[in-house]
Amino acid sequence: MPIQYYIYLCLALFSIGVTGVLTRRNAIVVFMCIELMLNAVNLLLVAFSKMFHGLALASDATTTVGIEGQVFVFFIMVVAAAEVSVGLAIIVMMYRNTHSVDINFLNRLKN
Amino acid sequence: MKVIIGFIVLWPLVGFLFNGLGRHFWSKKVVAYKATGYVVASFIASIFAFVQVQNQGAVSVHYFDFINTAHFKIPFDLKVDALSSLFLLVITGVGSLIHLYSTAYMKQESSSDYARYFSYLNLFIFSMLILVLGDNFVIMFIGWEGVGLCSYLLIGYWFTNTHFNYAAKKAFIMNRIGDLGFLLAIFWLIAKLGTVSYSEVFTAESIAKLSTTDITAITLLLFVGAMGKSAQIPLYTWLPDAMAGPTPVSALIHAATMVTAGIYMITRSHLLFSHSEMTQNLVAVIGISTALLGATIALKQNDIKKVLAYSTVSQLGYMFLGLGVGAYSGAVFHVITHAFFKALLFLGAGSVIHAMHHEQDIQKMGGLKSKLPITHLTFLIGCIAIAGIPPFSGFFSKDEILAAAYAKNPVYWFLAILGSAMTAFYMFRLYATTFLGKFRGTTEQDHHLHESPLAMTLPLIVLAVLSAIAGAIGIPEIMGGHHWIGQQLSSIVGAAKETTLTHTIEWALMGTSTMLALLACLFAINKYRQKADGEPTTPLGKLLFHKWYVDEFYDTLIVKPLNNFAGFLKNSIEKKVIDGAVNGTGKIVQYSARQLRLIQNGQVGYYILFMVFSIVLLLILWFNDTIILRFYYSLIK
Amino acid sequence: MSILQILFFALSAFAIVSAIMVLISKNPIHSVLWLILVFFAISGHYILLNAQFLAIVNIIVYAGAIMVLFLFVIMLINIKKDSEPQKQFLVKLLGVLAGGSFLTLLVALIKQTAQIEGRQLLMKDGVIGLIHPLGKVLFTDYVIPFEISSVLFLSAMVGAVIIGKK
Amino acid sequence: MNAIIVSALLGVIMMFSSWCVKGERTQKTIALIGLFVLIVANLAQMNGWYVVNYDTKSMLTFSRFGLYANTLFFGLTFIYIWINGEEISKIGNHAADFYALFFFMLCGVSVLTSFDNLLMLFIGIEILSIPLYILTGSDKKSLFSNEAAIKYFLMGSFSTGILLLGITLIYGATGSFHLTIPQAGVKYEQFMTSAGLILIFAAMNFKVSAAPFHFWTPDVYDGAPTVFTSFMATIAKAAGFIAFITIFQTQYKALGYSWGLILPFVIISTLLVGNVTAVFQRSVKRMLAYSSIAQAGFMLFALYGTSTLANEGILLYMVVYSLASIGVFAVLIKMKENSIEAFHGLGKSHPLLAFLTTVFLCSLAGIPITGGFFAKYYMINSILLAGAGLWLVIVAMVFATISVYYYFKVIQAMYFVEGHPAIMELDKTYTYKLSVIAILLLILGVFPSLLFNYLYF
Amino acid sequence: MLLLFILIPLLTAMLLLFVKNNKMANNIAVLTTIVTLGLAIFVAYKGAVDYNQPWILILNTRFLLHADGLAKILILLTGISFPAIIIATTQNQPKQKNIFLSLLLFTQSGLMGVFLAGDALLFYFFWELALIPVYFLSSIWGGEKRVAVTFKFFIYTFLGSLLMLVGIILLYIHTSEQNFLISTLMHASLTPVQQATAFVLFFLAFAIKMPLFPFHTWQPDAYEQSPTAVTMVLSAVMVKMGLYGVIRWLLPLFPLAAKTNALFIVSLSIVGVLYASFIAIRQDDIKRLIAYSSIAHIGLMNAALFTQNQIGLQGVLIQLFSHGINVLGLWIVADIIEQQTGIRSMKQMGGLAKAQPTLAILLVGFALANIALPLTNAFVGEFLIFNSLFQFNIWAAAFAGVSVVLSAIYTLNMIQKVAYGELSTPMQAMNTPNKNAQIVLIILLVIVFVTGVFPQPLFNLTADSLQQIIIK
């Protein structure tokens, strides 16, 4: 399978995430779209990892080339989890104070 | 010699410092003695110097280097030669007399003002001495500006009077315009020759180095300088106004000495002038024009000093005519005689004014003959001298110029003789209105009329004698004289040119001028012995009375436009354009600040939108547009 | 068309459709659910790529833990279905435009990249996605990032405490 | 390595001290001692002494430059906490937790100064960012703080996504997460590498608040508690710069000539937005936020080329800018309100404090005998040395002039406007602490090389 | 030795911050400045060894202080100006005088540094250093619109100096030895475009500082609004920084560019001279009048510099000193009048000669020097300046020469309005100025005339630098 397919897929998912960030006002949904972006990246990393692995495998049967991509994905998940905990805490805090999760609701800081 | 010359110059300076610094401490008496004494001392030293020059010829002494750089040197040298020694005598001699005169004339002033007056006067003498003694143009220029300054200070001596101040300012500024010409001439010399010393400039080699253009330009510029200082058209209007100063000042500065500086300067640099036909012609034309202009205006003036002032302008015109036609020694001769008789006239006028309690309008005088006998007599001698009636001094000096003018161009002579007649007329009009007939002033003035004290009459007498006999130093050869002054100056200006005129013509010329002058005198005395000249009624009379409206003309054509221009620069250009541009920049920044901050609208959505677009923009910038076009092309394909 | 390709396209279509649904669902809860479906699709891809460990972790961590957390928060703050105010149409359009141009541009660039021209990727085979090699690498070569990410967790923990404590 | 380990441990210690040790002063003292230990540990590594000598598998490389930067960061943090300790305690009752977060952030900073792998970059940035989100929102009752936190968090996460996509693209192109110097003269079109670099560039710009990715900065700096703004704007940002430089000093060559287009674009827009917008601000805090953007514009100069001058310059700039900002923010903390009116008449009522503020502001403006001058000088010199267009420098100078305008507005308010400053009670020691900063700035203003001599021995 | 010029004022300035007693502060300041003056005289006639220390190693910049003729004459001027200013304004009692004096001394330190620096970076450093205290001095103690006006001045000059900094660095990075010494920078290998750019960058900085038309608009406002002591510093010494910069840096570093642009710059300067003179004619405010007169004089000097003629250069070297002294005298007189009557409008003045004859005489003395009357110091300089202009271009000299007349007009206007005429009501308030000011004025006037009659010592002083500058 050509790598381009995966690239396009992931870019599409990523862009959908971006678009979601831009079009939604609910902080939680925006945050979910960011998670979607991260996942698109994850998939792309794995795809690349397999690409390099396949290339290396041709010359060396026991190679582990490409594994770093998957390790990276692991770390992204780790970080995402940490981020989610903090992010949701912030959103909840905001909700406590304003009873809203609308990102446009708080816009006193401007100009 | 160094010491003598030093003394000549330093005494007046000492006097200036002494009186200027100690004006609150010394009594009037001390001031008067000191001031006069210093000038007299200077006079005595001048005599020594004169004698030395007679015996040894010109002497140049070096004191110190005024400017001495790697490329350029102006020494502070003073030089006494035949020309300057003559001037020295006149300056210090007449100067001493006028100092003496002033001691009495200025008696009413408070003691510090009195000291101030004398310090200025001393400073003037000092400057004038520097002017004539300087051995190069720069030193001369120092004196040149110095006398201008003193003139300014003395005209504005009564500084509380605004009109006097304006007169003083006018004098200084007009002089400055002339000085600019002089300066440029000096620069031109430096640029071409690298030196300004007379001894190096006035050599054949130097002259050879200069092209005709150079010489013409330099002489023209020098002449502009002379115009300013010696009140020639078009820079003459300051001189009549300068009569605002105390009368002795008018006598010393604005008649006898300072105004003749231009003649001195041109005589000094006659070598250059004689190489430029054009300049010479111009000098002559300007000279004769000024002479006529001054004379015509003087015809209708009623202020005793104004008449004398315009007469001075006119006489200076004659001197320039003389210079223009190459009669350098004639011009100098006239300077000397003019110094005597014009100083005499002014001092006489001063005596009259003194007696009349500062009344200067001749219409309010008359019949002073009996009340002021000495003044009257001396004044009359002055009038005769200036009118050019033999054997008084004015005749000889004027005659020499006239003769040279005739030799050059009879038209000059004709115009000059016309002017000469007018001179005789207005002088005797003045004399007659003032001294003859009956008194027209107030009774109070009448009551107080008195002859002036000895300190004032003594100078009058001395000057009257000199006016009468000074012609002796220049009796022309046809009258059997030796023309002593011509010989004196021959070392400077070369031997007088062989006149092409026959003796007959010379006699005829003399006769004509004398006749005309005499006729004019008699006519004037006849006309004005009983009544004064009222307000003029004829158009010409009005025109002359208002001095040809030259002042008004200058005012509307030069002064006002310049003033308006300055105002325009100040109020429009400076404020709106230049400062506006600077402040405008600031305003633009402020404005863009106000606009730019609106981008920051406080909404996260917008922020991220901007960020995404920015990334897109970065990508586009990075990969440049061709790649994107290629992509779309590939899509179509 | 091999079975792999069919699976690929099916999963891809599923992922994209679900992702779009995340965007257009009005109700946040629906968004969460759609997002979980996206994650499942992605996990499917991982399996296709024989990245078994990641597939499992993705399900457990993302779909299982994180998304449940989201759901939980949404429930907690009890947002009404239609209470979310919508953005203006123009803003939405701009958003789509931005996302779209971002995609177009990147695709344009990738399409012309010679670096990956003709590269295939290994499906189904390969051992690197298995838990054993991954674990080995993680605790040898990647032990430093592994340890350091603990700091990340610590700080997130402290942060959650600071923010969350009343 | 020492620094990473010790700072992580210290963070844990501080965490526990929050319930073992009572009294905020004690906690501050522990934190300061901890920082001292940290500095010592870091210096020890510079001199070849390790806690553990572990093969990092080329995840991290410890260069003298990076380690020295670490030392400087720790030193700055020391000063920061020394001055602001009491203020930190006032926000909520989590002083020890905040200190723990600072130590964790310093761990992140240490990673950022020594990473050799994009994975470490990512982790480092996250370790630095997540505590910052928390600190921003730490004033839980304040709506401003909430708003700032949510904005910062959402945008930060978004930029993380961008960063990751960039890293991925680079990985896809090169097959490695290592920073390798790209070979010159590559035949094929490396668009993927370049696209990845651009995305990383954008994300890093976000972290250092360079325009047009600066939007979070004013709002977050404004909304966050001032004392944390101070940290965010100084040490956190500077660490971002070190990372930024580490990547791009080697990688920019992959971008070819376009680098000369893209970087000036960012620099100019950063300078423009920062300086010009700051002109109109009434709130000093917000003005400082914009000025911090503007300063980032100058620091970006260091990216232009690799040279010792650029490296030294960025160190000097960081230190000087951070010191001055810490100082100004420390004064601002003591103000009852942030508006410029609060400063009216400060020169009369608190002459020394006003003078110190003047020194800080002059330093920010880059006026000689304060360190700011040489900071700017190094930047200009390095960029000209790197062959940038003269026009860029001249434009930058024009903006620097504008910056003088708004910095001096504050000075004018302090000295030339009559009024009563809205300032809280000050104890003398606070002013004296600030004067230490001022003295440091002045020393660096005359002998900037004091800072670098240690780099070379 | 040379370091003392910077250190003495600097340390005293710091000391003064802690001296609360005004009288004592004043005495200390006077004493210090007089010591500095003594030192300046000593150095001027005995010379001094360069102070040369490495400064910032990596940049290879050196803390090099070097006193050649140009520097000597300017430190002499600075040395004379400061005690004169401080003594003459003793009677003015600004609030917090110790700080006022302290800032003044900081300025002096900066100025000395500017004139002595032999290293471009050091030069720049002091260049700015001299500016900062002035900003505070004017803003705190100035007139009504002081803040805005001073700010404009500050920003304007700051922009100029930043541009110069760019120029310095541009030269620096193109040198082979990589240091900032003037001898090194001279040999920087620049392309013609770079040289032209660097020239413009330097020139702008100096032109703003001088100030040259049309960059001058900060000056009259600043002079008007600053406290007089500061105005004196500004006009007597600080504006010389611009000219000094041209002589020391611009001409030697960019001989070609200077030559190419000479005609343009000379014309610009002369236009400025006439422009400023015309505006001065219409000024009613005595301070603004002196300000515009100063612009005119400075423009003239600048024009002479760009003729690149040795005579002109020599003239400027003398004139730098003379103009400082003259303008100082004028300011002191103006200050005395303003302090005692509270007016600056010349329309309301008049009769000073009646009220205070001595002061009037002094005023006239300085005014005459201002119009470069022979035997005053200004004549010597302007004579040489005009000379060089004449050799450069006859028309340049002719047009510039018009300013001789114009300067007479505005100066005499001033004398007439201030000193002469009937005693005006405000002037009746005039008391005898205090002894200190009088003594200072008299000493200055003596300097005016002594250097006007015997300028040779000044020529000797500057002879060596003349050689150096022309060699390039």
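Here the chain labels run A, B, C, D and E in written order, and each chain numbers its own residues starting at 1.
Just so it is clear, a contact is a pair of C-beta atoms (placed from the backbone, for glycine too) under 8 Å apart; a residue touches a chain by one contact, two chains touch by 3 or more.
Given the structure is predicted, the values throughout are model-derived calculations rather than measurements.
S.K.: Which chains lie in contact with each of subunit A and subunit E?
M.R.: B, D
S.K.: Of all chain pairs, which one counts the most C-beta contacts?
M.R.: A-C
S.K.: When the centre of a chain is set as the mean of its C-alpha atoms, what distance in Å lies between subunit C and subunit E?
M.R.: Each chain's C-alpha centroid was found; their separation is 71 Å.
S.K.: Go ahead and note the Å separation of the Cα centroids belonging to subunit D and subunit E.
M.R.: Roughly 42 Å, centre to centre.
S.K.: Quick one: subunit A and subunit C, Cα centre-to-centre, how many Å?
M.R.: The computed centroid separation for subunit A versus subunit C comes out at 5 Å.
S.K.: Compute the distance, rounded to whole Å, between the mean C-alpha positions of subunit A and subunit B.
M.R.: About 96 Å separates the centre of subunit A from that of subunit B.
S.K.: Pull out every residue in subunit D that's touching 2 or more other chains.
M.R.: 119, 123, 126, 130, 133-134, 137, 140, 150-151, 154, 158, 172, 191, 194-195, 218-219, 405
S.K.: Multi-chain contacts in subunit C: which residues touch at least two other chains?
M.R.: 87, 91, 94-95, 98-99, 102, 106, 109-112, 116, 141-142, 145, 149, 152, 155-156, 159, 163
S.K.: What pairs of chains are touching here?
M.R.: Every pair of chains in contact is listed here: A-B, A-C, A-D, B-C, B-D, B-E, C-D, D-E.
S.K.: Under the stated contact criterion, what part of subunit D meets subunit A in this complex?
M.R.: Touch residues, subunit D against subunit A: 119, 122-123, 126, 130, 133-134, 137, 140-141, 143-144, 146-151, 153-154, 157-158, 160-161, 164-165, 167-168, 171-172, 175-177, 218-219, 222-223.
S.K.: Spell out the part of subunit C that touches subunit A in their complex, as residue ranges.
M.R.: Counting only subunit C, the residues touching subunit A are 4-5, 8, 12, 15-16, 19-20, 22-23, 28, 31-32, 35, 38-39, 42, 45-46, 49-51, 53-54, 57-58, 61-62, 65-66, 69-70, 73-74, 76-77, 79, 84-87, 91-92, 94-96, 98-100, 102-103, 106-107, 110-111, 116, 118-123, 125-129, 133-134, 137-138, 141-142, 145, 149, 152-153, 155-157, 159-160, 163-164.
S.K.: Quick one: in the complex, what on subunit D touches subunit C?
M.R.: Counting only subunit D, the residues touching subunit C are 4, 8, 11-12, 15, 54, 56-57, 59-60, 92, 94, 97-98, 100-101, 104-105, 107-108, 111, 117, 119-120, 123, 126-127, 130-131, 133-134, 137-138, 140, 172-173, 188-195.
S.K.: Where on subunit B is subunit D touching in the complex?
M.R.: 589-590, 592-594, 596-597, 599-600, 602, 604, 606-608, 610-611, 614-615, 617-619, 621-624, 627
S.K.: Touching residues of subunit B toward subunit A in the complex: what are they?
M.R.: Subunit B residues touching subunit A: 597-598, 600-605, 608-609, 612.
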